[in-house]
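Consider the two complexes below, in which chain A is the common component and chain B and chain C are the respective partners.
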Partner chain A sequence: MEAILQAIYDGIIDGNKDQVTAKVQEALDSGLPPEIILNQGMVAAMTEVGRLFEEGEYFVPEMLVAARAMQAGLALLKPKLVQADVKAAGKVVAGTVKGDLHDIGKNLVCMMLEGASFEIIDLGSDVSPEQFVEAVQAHKADIVAMSALLTTTMPNMKVTIDALKAAGIRDKVKVMVGGAPVTPEFAREIGADGTAPDASQAVTLAKSLIGI
Partner chain B sequence: MTRRILQRAVELKQETLVLEFEQLYELTQYPHWGAYVTSDIKEVMEEFNRTHGVKSALRVTIADIRDKERPPRMRSGEPMQAMLKAFDQCAAAGADILSIESTGGKELTDRALLDGDLGGLVYGLGVLAANDMAYLWDHIVEIAHRHRVIAGGDTACGFANTAMQLAHQRMLPKVLAAVVRLMAAPRSLVAIERGATGPLKDCAYENPILKAISGVPISMEGKTSACAHSSPYGNLAAAVCDLWSNESVQDVKLLSGYTPEIFTEMLIYDCRLMNTALRQNAGGIMRDLLVQSDHKMDIQSLVMDLEVCFEAARRIKESGADSYARTLAMTRLALEVLMKAYQDNVVEFSRSETRWLKQLNEAVQSLPTEPGELRNHLKAEYISLFIPAEYGLWN
Partner chain C sequence: MVEPLSPNGRHLLQTVLRHEKTEQVPWVPFAGVHAGKLKGYSGREILTNGDKLFESLLMVNEVYQPDGQPVVFDLQVEAEILGCQLLWAEAAPPSVASHPLAQNLTIPDHLPQPDEGRLPMILDVMRRMKKAVGEKTALFGLVTGPFTLASHLRGTDIFLDSVDHPDFLTDLLAYTQQVALRIADYYIEAGMDVIAIVDPLVSQISPRHFKRFMSEPFSTVFDYLRKKEVFSSFFVCGDATKNIEVMCQTNPDSIFIDENIDMVAAKQITDRYNITLGGNIPLTTRMLLGTQQDNMAYVIDLLDKLDHHNLVIAPGCDMPYDVPMENVIGVMRAVRETEHTRQILKTYQSVEVDLEVTLPDYASLKRPLVEVFTIDSDTCAACSYMYNAAKRAAQELNDSIDVVEYKITRPENVARVKKLGIAHLPCILINGELKFSSIIPSTRELLEEIAKVSHE
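On to the complex of A and B.
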């Protein structure tokens, strides 16, 4: 890997925001295409962060620090990506379902998806089916990502899927669900397209759902 | 559910028990709903007392609905008023014990947990949580006295158990969860200082520390709460309990019946064993076996060893009346215990856990003794997470 891309990669792994922003600027100034900087420097680094998390070497704090370093670099890169017409990997509308205020898991998934170059529309927690539908329509989302931590709020995942059907957009969007009580069987029963056990595997799932 | 639980108690000749009705958000938001359910449950309990002689008490745990807004209004908002009405109406409807798993400071500590930020955790627990506990429990104790019911107690569930669960899911290091466990004790103690008399809430694994200081009875959960969550000290948690609990269990049918009465049976057998040990003067042996079966099996159980709990109680007393000083003392004690266990090879510390142990040990050295000074050093984004006036703090 080119030295400057390696420096960006290492800076993200180490959560060194200053190094990342300095080296992204240097890479841009040197004429490196923005999508190369993004994919080989940044997305590759977040993929490695995900691997380190799955292996138990990193925990959420390290992932957050890495994600923030990436976001700092991305802030410099975004205008150039827009100019070069480089698109996000996909658009994800994310939220914790109606009646549920737990958002830690959902926030982690959003962070990792952003690290994998997805555009995230985070609706927060206690999100009604109608809000999910409106957001999918407004943003032409590729994926809906729903989270629930309570067995009493899980049923709202199906209610949301039914709302997507009623709005005539269920076939235009993939639905992934997650949270401690969510099982693959439950995901299948309610008609979701998949579930992942943690934030890192949620990225793998999201990519597979949209065929990248 | 109540009827099935009490029927199982009758079948197993269990003469006394406490049932807990822990409210979901809506049952507190609309207090009359929670009161209606309370009186329904109590009616069944009284029926079983008349017909079978079962003596039972009902703990009603009100939901902390202030948590829904961010930043939350802990004192001035509608949610606080609804909560106080809920306490009042449930006490009138038949609750014998009033409790809550209050969340003052959680808007900061959740964020600090995910950042692994010790300063944020100390401020969140030692200042915000403690201030909120004092304010809230003054009201709860007044309501309890007015209705001649028991002001039971609070729990650091939303802090220390959150950390424990995130550690179980490998999102956080166990060393951090262990430190937060001890850090949470001073905040829970405030309820007792304002008049709560116990039995303290079951999900407060920090209860042995509070019992050592105050002598109040404690409810504990451990292995029998595996239906709700895993814990690294399933036996140790029972060592000095006065009530033994199963947390909450999903109401599903298994071969021998529905899960609430199945877990009731498991608790009854555990209590039978513990009471037999007491009657035969083997209580100390039973206690020690429960401790020794767990205390070196996990990083987190190291800090719940009864010897550590006693030392924690001693250091809290030594720290004086200030919750910040006490919380800082608990942070230091937890890291001393963990460092010693690491150096003595008592428990396995993985490479990542070791890295975190050393990081936290370094971080605690620079925590100031004055909360005002710590506040000046908190990350800027942390300050916007809470409303100082809602904690009786002024800018």
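On to the complex of A and C.
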């Protein structure tokens, strides 16, 4: 790997925002193609961050600082990616379901997906089924990602899936669900396409759902 | 009337928290909002209305026969007093909707007073519970842990503060630790035997992070509680496997964990520190969605694989509101009468549905038939309440109905349960239809249901 890409990679893993911004700028100035910077520097680093999280080496603070560094670099890179017509891996509409304000898990999933070059439409928390449906239609999303921390709000995942069906768009979008009380059985039962136990494995799931 | 199987649960639990050996493993059901379900109140009602809370807690005490029980399970009590807005739900504790320190790095200095927020109601119910059941049941006062309270005040940026504003985080935790001590003082004065510091967020940080920011405030709290001569507990939810060791080093009397942590591995660590370990019946997969047998089997498995010294059986965390009462009763039976329960499960597994059982011809009954299915009404309080309710109804109706009890201690009754597709015990069927499963009916409710079939 080129030294400059290595510096971007290391900067993300260490959560060093300033280093990432400086090195991404330097890489762009030196004429490196933006998709190389994205894939070999940033996506590779976030994959490693995900692995460290899965293995219990990294926890929420380490993930958040890494994701913040990644986002700082991405802000510089995005206009260039658009110019070069580099497409996102897929579009994801994400949110914590109605009645639930817990957003740490959802935020981590969004950051990891963004780090895997997905485009994220983050609807925040306490998101109604109608808001999910509207966002999927407006953005032509490939995936809906729903989160819940409470057993009492989990049923709203099914309500949302039913709303997608009623709007006639359930077969146009994949549905992934997650959160502490969500089990694979529950996901199957409510008609979701999959669930993952943590933010890192959510990326693997999202990729498999859209066949990449 | 059934005598409680553990005549003095409080004594038993205290002995275990003193790390002495006991014959019996204590049982602590974490019935927070779930307590309301037993009396038909919403979670919100019992978290805001002292009379309803007290009534519900007494019901928990009666039906689940706990050795220890919490009075309130709500980690938003302190946050509400300190200016966080709450979003209320009917079947769950409220959530924090605003964070006063989200944009502001000033450390507050106000400490909650006993007349603020919901404290007057909570302290009153604690005193009433102490008077009503305090002799036989150890009462838990649950205090929001310093890290979780700090996150309520600051929001998710609390995680970045460890990198961006470490001094602020240290100072904020010193403040929330002071809040915890103040709340603990009030709860101790109201008669609580055990002060539990509940900090689910601890599962989200590394041991290194814990040592740097959390070790000091948590150690200070547990030292303080020891000086105050009350027992202490450290509750964590989520996968805090890697933090068990550093949690032990803060020196609580006990640690309670949920299903995300392996009890055997955790107990190896807590045993090294001579700390009591409690847990970890899965809240969703077993307690909320599983059958009574699933719950019994889980507890028996725990008891089989763990050394009973320094052990408490409890749900992984606050039970969901809708946990079927029968599942909690199943857990209680498995803790209290392990061998008996093991036999019941064995019978249950071995009995085939086609064992010779003839079901009544429900369509052509001459009189209403009330069938009560129980684990065993001689030893299970809730079962005896269910059976007595049916007997009272028969008395009211001058014995013009038939009442039968089927105990699943007998294989043919297990076959009957399976044939009828009954999932939870105790329950009541009227003319072959399941009428009461989760809640023990009042005589009036039962008479109403019987009247319906009489008129058909």
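Some notes on this structure:
Quick note on the criterion: the second predicted complex is superposed on the first by the 212 of 212 C-alpha atoms of A that agree within 3 Å, B and C clash if a C-alpha of one lies under 4 Å from a C-alpha of the other, contacts with A are read in each partner's own complex, and residues count from 1 in each chain.
To be clear about the criterion, a residue touches a chain if its C-beta (ideal position, glycine included) is under 8 Å from a C-beta of that chain, and two chains touch if they have at least 3 such contacts.
The structure presented is a predicted model; accordingly, all values stated were derived computationally and were not measured.
With chain A as the common reference, chain B cannot sit beside chain C without a clash.
Which of chain B and chain C touches more residues of chain A: that partner is C. In the superposition on chain A, contact of A:183 is made with chain C only, not with chain B.
Residue contacts after overlaying the shared chain place A:25 against neither chain B nor chain C. In the superposed model, A:15 lies in contact with chain C only, and not with chain B.
Shared contact residues of chain A with chain B and chain C: 56, 58-61, 64, 99, 101, 104, 107, 126, 151-152, 180.
Per the touch definition, chain A reaches chain C in the complex via residues 15, 56, 58-62, 64-65, 68, 99-104, 107, 126, 150-153, 180-181, 183, 185-186. Residues 24-25, 67-68, 110, 114-116, 166, 169-173, 250, 350-352, 356 of chain B are the ones that touch chain A when the two sit in their complex. Residue ranges of chain C in contact with chain A, taken from their complex: 87, 89-92, 95-97, 156, 159-160, 162-163, 204-206, 209, 238, 241-242, 283-285, 288-289, 320-322. Only residues 56-61, 64, 99, 101, 104, 107-108, 126, 151-152, 180, 198 of chain A touch chain B when the two sit together in their complex.
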